[in-house]
Amino acid sequence: MSEWQPRILAILCNWCSYAGADLAGVSRMQYPPSIRVVRIPCSGRVDPLFIMKSLQSGFDGVLVSGCHPGDCHYISGNYVARRKFAVLKPLLEFIGLEPNRVQFSWISAGEGDRFAKVVTKITEDIRELGPATRLVKKT
Amino acid sequence: MKNKKNSVLVLGAGIAGIQASLDLAEMGVEVHLIEGTPTIGGRMPQLDKTFPTNDCSMCILSPKMSECARHSLITIHIMSNLEEVSGTPGDFVCRVIERAKYVDPVKCVSCGLCEAKCPVKIDDEFDMGLRKTKAISRYFLQSIPSEYTINPNYCLFLTKGVCKLCEKVCPTGAINYQDKDREIDINVGAVILATGIDPFDPIGFGQFGYHRYSNVVTSLEFERMLSASGPFGGHVVRASDEKPPKKIAFIQCVGSRDESIDKNYCSSACCMFAIKQSIIAKEHSKELDASIFYMDIRAFGKDFDKYYDKAENHYGVNFIRSKVADIVELPGGSLELRYTFENGDIQLEVFDLVVLSIGLQPRKGSRKLSEDLDIRLNKYGFCHSDTFHPLETTRPGIFVCGAMNGPKDIPESVVSASGAVAGAVKLLKLERHDVSKGEEEVIEKDVIGERPRVGVFVCHCGINIAGVVDVKNVAEMAKGLKNVEHSEDVMYACSTDCLEMIKERIEEHDLNRVVVAACTPRTHEPLFRDTISGAGLNPYLFEMANIRDQCSWAHMNEPEKATAKSRDLVEMAVGKARNLTPLKRLPISIDPEALVIGGGLAGMTSALAIADAGHDVYLVEKESVLGGNMRDIFFNLDGSDPQQFLAETIERIENHPGIRVLMDSNIGEIAGFVGNFRTMLTNGSGEQEELTHGVVVVATGGSEHKTSEYLYGRSSRVITQKEFERMLHEEKFPPGKLREVVFVQCVGSREEGRMYCSRVCCSKSVKNARQLQSKKAKANIYFAYRDIRTYGFSEQYYSDLRNSGALFFRYTPGNKPEVEMVHPDDPDSRIRVTLFDPVLEKDVVVDADLLVLAPAIDPPEENLKLAKMLKIPLNSDGLFLEAHVKLRPVDFATDGIFVCGLAHSPKDMSESIAQAKAAGSRALTFLKKNSILAEGTIAQVRKDRCSGCGYCEDVCAYAAIEIDMEEGIAVINDALCKGCGACVASCRCGALDLRGFTNEQLFSVFDSLEIEAVEGIL
Amino acid sequence: MNMVRLDKKKFGDFILELSVEHAVYAPGNTGGKTDFIPVSSEDEINLKTLVTDLSPKGIFFPHSEVLYEYDTEGIRVPEKEAGKPIAVWGMRGCDSRSLLMLNKVFGSAIQMPDNKNFQDPYWKEKYDSSVIFGSACNMPQSTCFCNWFGDGPHSREGMDVFVVDAGDHYLMEPVSDKGSNILGKLTCLTDSLEGDAEAALKLASEAESTMVPPMDVNGLGELLNDLYDEPVWEDISAKCINCGACTFSCPTCHCYDIQDEGKGSSGKRIRIWDSCMFPIFTMEASGHNPRALSSQRVRQRVMHKYSYFLEKYGDFLCTGCGRCITVCPVNLDIREVLKTINVYNRQGITNG
Amino acid sequence: MNTTNELRKSIKALIAEKKVDLFLAWEKGSLPLTATPLFVSTEDQADRAVFDVTCGNNLSIYFTKDRKQFANRKVGIAVKGCDARSVVLNILEKQIQRENVVIVGVPCDGVLDRKKVLAKTDGREVLELIDNGETVTVKGNGFDLLLNRNEILSSSCLACTYPDAQEYDVFIGDARGEVPNESRLKEIHDFQALSASERWDKTRNEYERCIRCYACRNVCPSCYCNVCFVDQNDPKWIGSTCDYTDTLIFHVIRNLHVAGRCVECGACQRACPMDIDLLMLNRKVAMEVKDRFGDIAGLDINGKPAMSDFREDEKQKFIMG
């Protein structure tokens, strides 16, 4: 099982978290090669359906990351997003999805180290859970 | 040939210089941005967070930096100095020296191999010497331009003629040891100086042991320590033992408010800076104990006092009003502070780390610059400018902004930059321009209805990617993907020859979508978009897979997994690419007229700034006179005459052919949006008129708070500062002697219901006290205050007043001065004031001949109505809330609407003038265009799906969506939409979608990988 | 072959024996509801249930069925393991009759443009080899209206074996050759006794007597055609919420949608139940919807069942099982609809 | 007091005074235990109106079902407490205008869930129900059963806090007032106490029964999209198959779509032909919305629906530290 590399979809906002991911790379910070990044303008763009579809499609986990509260390039997109996530996360846990499969974070453009840490953490969490089975549509 | 005189030289590429350049360029002015260091950005990139919102400094700055670098009208000259300006305003010749960089910026791909190999380690200036860099380096990670430069003072080859390692490893042959300094002459119409400040060097303060004690640091060093991108990765640790400190002391006013070192001015930003740092430090570690040693907390800006309150009451930062006498280092590196309280008690306390809140001082070399350019400096060495012309140097045609002419925080610097632009454009002859003009139009291929034919180009980036990722394997894999017509690997995708090759491939394979797997789209997407655009494809038919910054660089030791990840990223990019559609940026016409609401100083100044640049202005005033609050101001601290300036200004307004003053007028309704507003006006006689205009400047002012405290309204001897100033002016003093005069500050400010500082009252009271002294030499002056906030150069007048014998009594909100009438039945009775003296620790009773109150400044009530009409927000104090408190201080989130003067927040005359000019200047960035282009990636509505529930309208921060109640559907204003997509994700019906990030495109990304489902492992 | 007996004590053995060569389906519980489910033992079977909540059509015409898979190379029909033929236990007359109707659609040959006959292979593969153990209905419910269509609780149409619950034993009678065959093979059966046939007839007449007298459906098809443009449909459909509960529980509704599910560079084509109640059912790519209104969709459902199908196949597309009546969230009762139409038409005619 | 009679009087008066053009009420259904929606436009028709324990339908769905029919018409509606919240929500979401609606509150002691009654009869058909107050008598062919009222009430009613309309123009009879109902969340808490795997198994067992008939959605007064996300087909938003991942995603997203909008009327659960415990997720979401944002759907006609709003200082412990 140690060789298994989870595949985690990371939905990152363009202005903070994606920039933070770039900075992590520019700083040559090393983190597990588990994430598959999708760039979107703002965490406010994230429809909970994105997360559900990704899980169904077979990703072992989903990370959504936006700007810290107050930092949103679009003023309040992350606040709008936060309400959605605040309901989605407990609901997913309620239906019995493993809590760590879907996680949210705020990472700023200057937080390359934080990005690396967050990815390391979610990868460890998901490695512990093993490959996703629940919600994955069998092909 | 462009008219060179329609260009401006901006010296200094800090935030002020960047803002000035962007504003000018948006107006169609060609800009030469001269910067001494190898990058633009100035001080802001060094900051971790900014007060009072704790915004990440780099996050908010970097979009402006990229915009600056990308703008076709801005030429950045890094490592350059301005040597001389000759000629006359409107026609200057500037001599600029561009120093040798020794790296060819065209060839350098910023791969960093040179830096890795360079054997010379030197102190990193950006990180305040807390970290080492190399003789060949990038100034900081997000430098713009991103190319490397060689520091000739340290380079082994340039100093000793040996090494050449960088040349050996450079994959593109970019190193050029023969590079020479170049001298160039630039012809411009105006010059804007924005050279900023230097931090004060506390080395001379022996008692604090800076440099001797390793755990005494300056605030700027501490800022780097706090920063996640800083030398310690955001872990606050002491230099002596690399352990996190548990107790931190901040010592304020190091290098400020200090006559002994000839710095009798307040650096204005350090109090907030220290509060911010204490909060951030506490956020790093909740157990941390932070104490700030201060004289007065000068939290005078908008929302600053709330931040101060939050630090003290929410975060538990200790605020100790005391002077630190000296510091002794204890064994182990901790520091013992000796400090005195107001009552003379001495205390010793040990801290783990001491932060010196160093002041701001003129830049090294500003003396020489002033001589080279023939401009005057003030007595502290800052650039001189006067109260009524705060953005002008003593040499016509040369303007000043940022902290160069006095300490400023970031928003004030931004305001002054935009304001300086207003001055500069007066000297130019600007035509309105079309944004699309100038760019060569290539006929775009129609790809609608065509089967997607994707071309994939996988970049080696030298060995940056190919050293880790099996690039050929990735390119080969891509060939088997659905809709992929062509795939190949390339050495440097961004090199000129490769860009040409991509164009050829588009032709050859009739590609209609292009995917480049290389570095980050944040820097390179525009380049590739331009490229495919040149080949006749719509630029939005392009997608990038980031396999360098987010793959090869991050997984250097796991080549196989990095390759697997790259394959996936390419598949995902192809997944999105096959569903990309061409996007258009539609033009929105701009009416050339402006509406300015409010005929006070700010409104008039703004109107003049716009009208002087050749645009018609409607100046609307609800009263029957112009001048607003300024009609009550008769003196200035520096001795200048406000009434004379006011009279001149009104005369200019009334005689200006471009300004139509609409007196006694009320606004009934404002409809429309940027470029296309319609305003219904009702004048005094009830007649209605409709105005059309492209922009709105809100300058509705403020008013003195109507207090009922301290017997005001019940005694003829209790008056406000405003009334007192008129009394001083008219010299109509109350009968009898005027011996004992008590001033009470903060009447209504900084307390429940008005949790803000009214900013100007301290200076105003000092000013009037000095006036009183000049007219009634025998008057004794008593000052009841909470903190004296005579920031900036007003500080010297405050110390003059103190030195003149005026008595100062500090009070707290719980222990306000008590007042009673000596003869309660007599309204003209003298007032008995009881003041607590914290130094003597006892009450002092004064029978005052006059009690002068400094009431708060209130926002006008009609702000609420205006806010609703314009769909612009107010903060909790009823002040207009700008788009961004740091970097967009006069803009609203809604385009085309600007704010200045007291409507924004309390401020003095100079600040109002600067901000009004800034608002004018920001307005001109729109007015100078015939049309603007709406964003390409904006939301769109499918009417048949919309049920008009209004959630999109509610979540839109830009007022870009409205529900048409007749039709019951949402309508998007293309001009206002910024493309965040919050509305789209909030639309349950799928009626909204975001162009460029559509549901279809994103779904296709989520479903692009064939991940085998794993059976039954639980 | 004549009537045989199955002692209820041997019912378990019967199921086991049947399972040897058949995939057996029988009424069973799913959540709080009853449906025809695959069973392998007696315990899984709910013998008490009246009309099951879901109809048995899903056995032969599943809700979702992969037709084929595709990728950049081409199309592949997934090879299925040769399954056992299906045997169904406990199908009432209303349900077994429905299979005959469905077979008219899926099982009858349609001449294609290339002159080849097309029959739905997915249906035929399952249906043609199946054997249906029908169940005589001894206790019709208040929602039953099979008698409207000339049938009764002891109808044996569409069955291979007719089964009567006669207390402590079942009586079985073959209806088709397939039925004779299977009864001949089963060892747990015994010969019927004297009087068994009479007992079965008695149960039949008792059951029939509990049913409400039917509405006359003669000429219903023509009546409906006449009323096509009348506003009565708006009244009828006013409370309909256009869910698919009626069509999905109906044993005869058989409309489906075909969808592609793609992933990466491959995908599959799936047939999925659809409902004429859904607005999207008739949505055209242009955005135009010929049945955009609820009233049009309700009319379509009624017309299809009682007019169009009749015209085309000579039979109503309704067996009177009453499921749609029970399941409707707003109690839109199809019997009331037909009565309304009957009355309305007569009034319409009188009014001239 | 006879609520049915009072309701009839009230409807007649509103029609007679031309205060409404149309009135939405219930009448006796064609099946035992069932009422059916009634559209009243004449005084005569008002005599068919009833209100009793069978009147479960949330009639406010009709406002958005056929928008044209209601455009510019004054419509009266009989509402239970939950129904009234739906009306308010429809007003807040601009689907109807307050001035065009006359809201008539009826005193509600809960409505029955037919499936719960049928579950008690061992497969036998129920032909009659008599409401005795605390108990009900259920009669069928050859049996009658005395059942406790709580055994047959809709789960939503057992968890009800606001049985009375909070927003109304007319209220018939005596309001019950706010019901403290401390145990209302017990089922949720019990479910949460299970392990993730147990919760998953139970959820999966429920939702794999779904046949995608969308009765739950179509009876839901908050589900009024012209095209539901599940029906979006260019692109297809989610799969339409009966695979439990498809059905569960449909239900989870529907739950999120009604977050802050679900009035917990229970109509979905009562409508479900497969007896799926749909309310469990709805109530969990409503609980989160209340705990986190302090919002109860449709209670405050001057409020703002939770998911169209935000506060800067909301709890965000769920964000990775």
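All chains are identified by letter, namely A, B, C and D, in their written order; residue positions are counted from 1 within each chain.
Note that in this section a contact is a pair of C-beta atoms (placed from the backbone, for glycine too) under 8 Å apart; a residue touches a chain by one contact, two chains touch by 3 or more.
Values in this document were obtained by computation on a predicted structure and should not be read as measured data.
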Contact-richer chain pair (by C-beta pairs counted) among C-D and B-D: C-D
Central subunit by CA centre of mass proxy: A
Gap in Å, rounded to a whole number, between the CA centres of subunit D and subunit C: 31
Between subunit C and subunit A, distance of the C-alpha-averaged centres to the nearest whole Å: 47
Interchain centroid distance [CA atoms averaged], subunit B/subunit D, Å: 51
Rounded Å distance, subunit A centre to subunit D centre (Cα mean): 35
Sites on subunit C at which at least two other chains make contact: 263
Shared interface positions of subunit D, touching two or more other chains: 197, 227, 229, 236-237, 239, 243, 307, 309
Subunit A residues counted as touching two or more neighbouring chains: 53, 57, 70, 76, 80, 84, 136-139
Of subunit D, residues touching subunit A in the complex: 191-192, 196-204, 229, 237-239, 243, 245-246, 248-249, 252-253, 255-256, 259, 281, 284-285, 288-289, 292-293, 306-307, 309-312, 314-316, 318-320
Complex contacts: residues of subunit B adjacent to subunit C: 480-482, 571, 575, 944, 1007-1010
Residue numbers on subunit D that touch subunit C, as the complex places them: 29-32, 34-37, 39, 57, 61-62, 65-66, 115, 119, 122-123, 125, 127, 141, 205-206, 209, 211-215, 217-219, 227, 231, 233, 236, 239-243, 267, 270-271, 273-276
Partner subunit B, residues of subunit D touching it in the complex: 64, 67, 93-95, 197, 224-229, 232, 234-237, 257, 304-305, 307-309
Interfacial residue positions of subunit A with respect to subunit B in the complex: 5, 7, 9, 14-16, 18-19, 21-42, 44-47, 50, 53-54, 57-59, 67-68, 70-71, 73-77, 80-81, 84, 108-114, 116, 130-133, 136-139
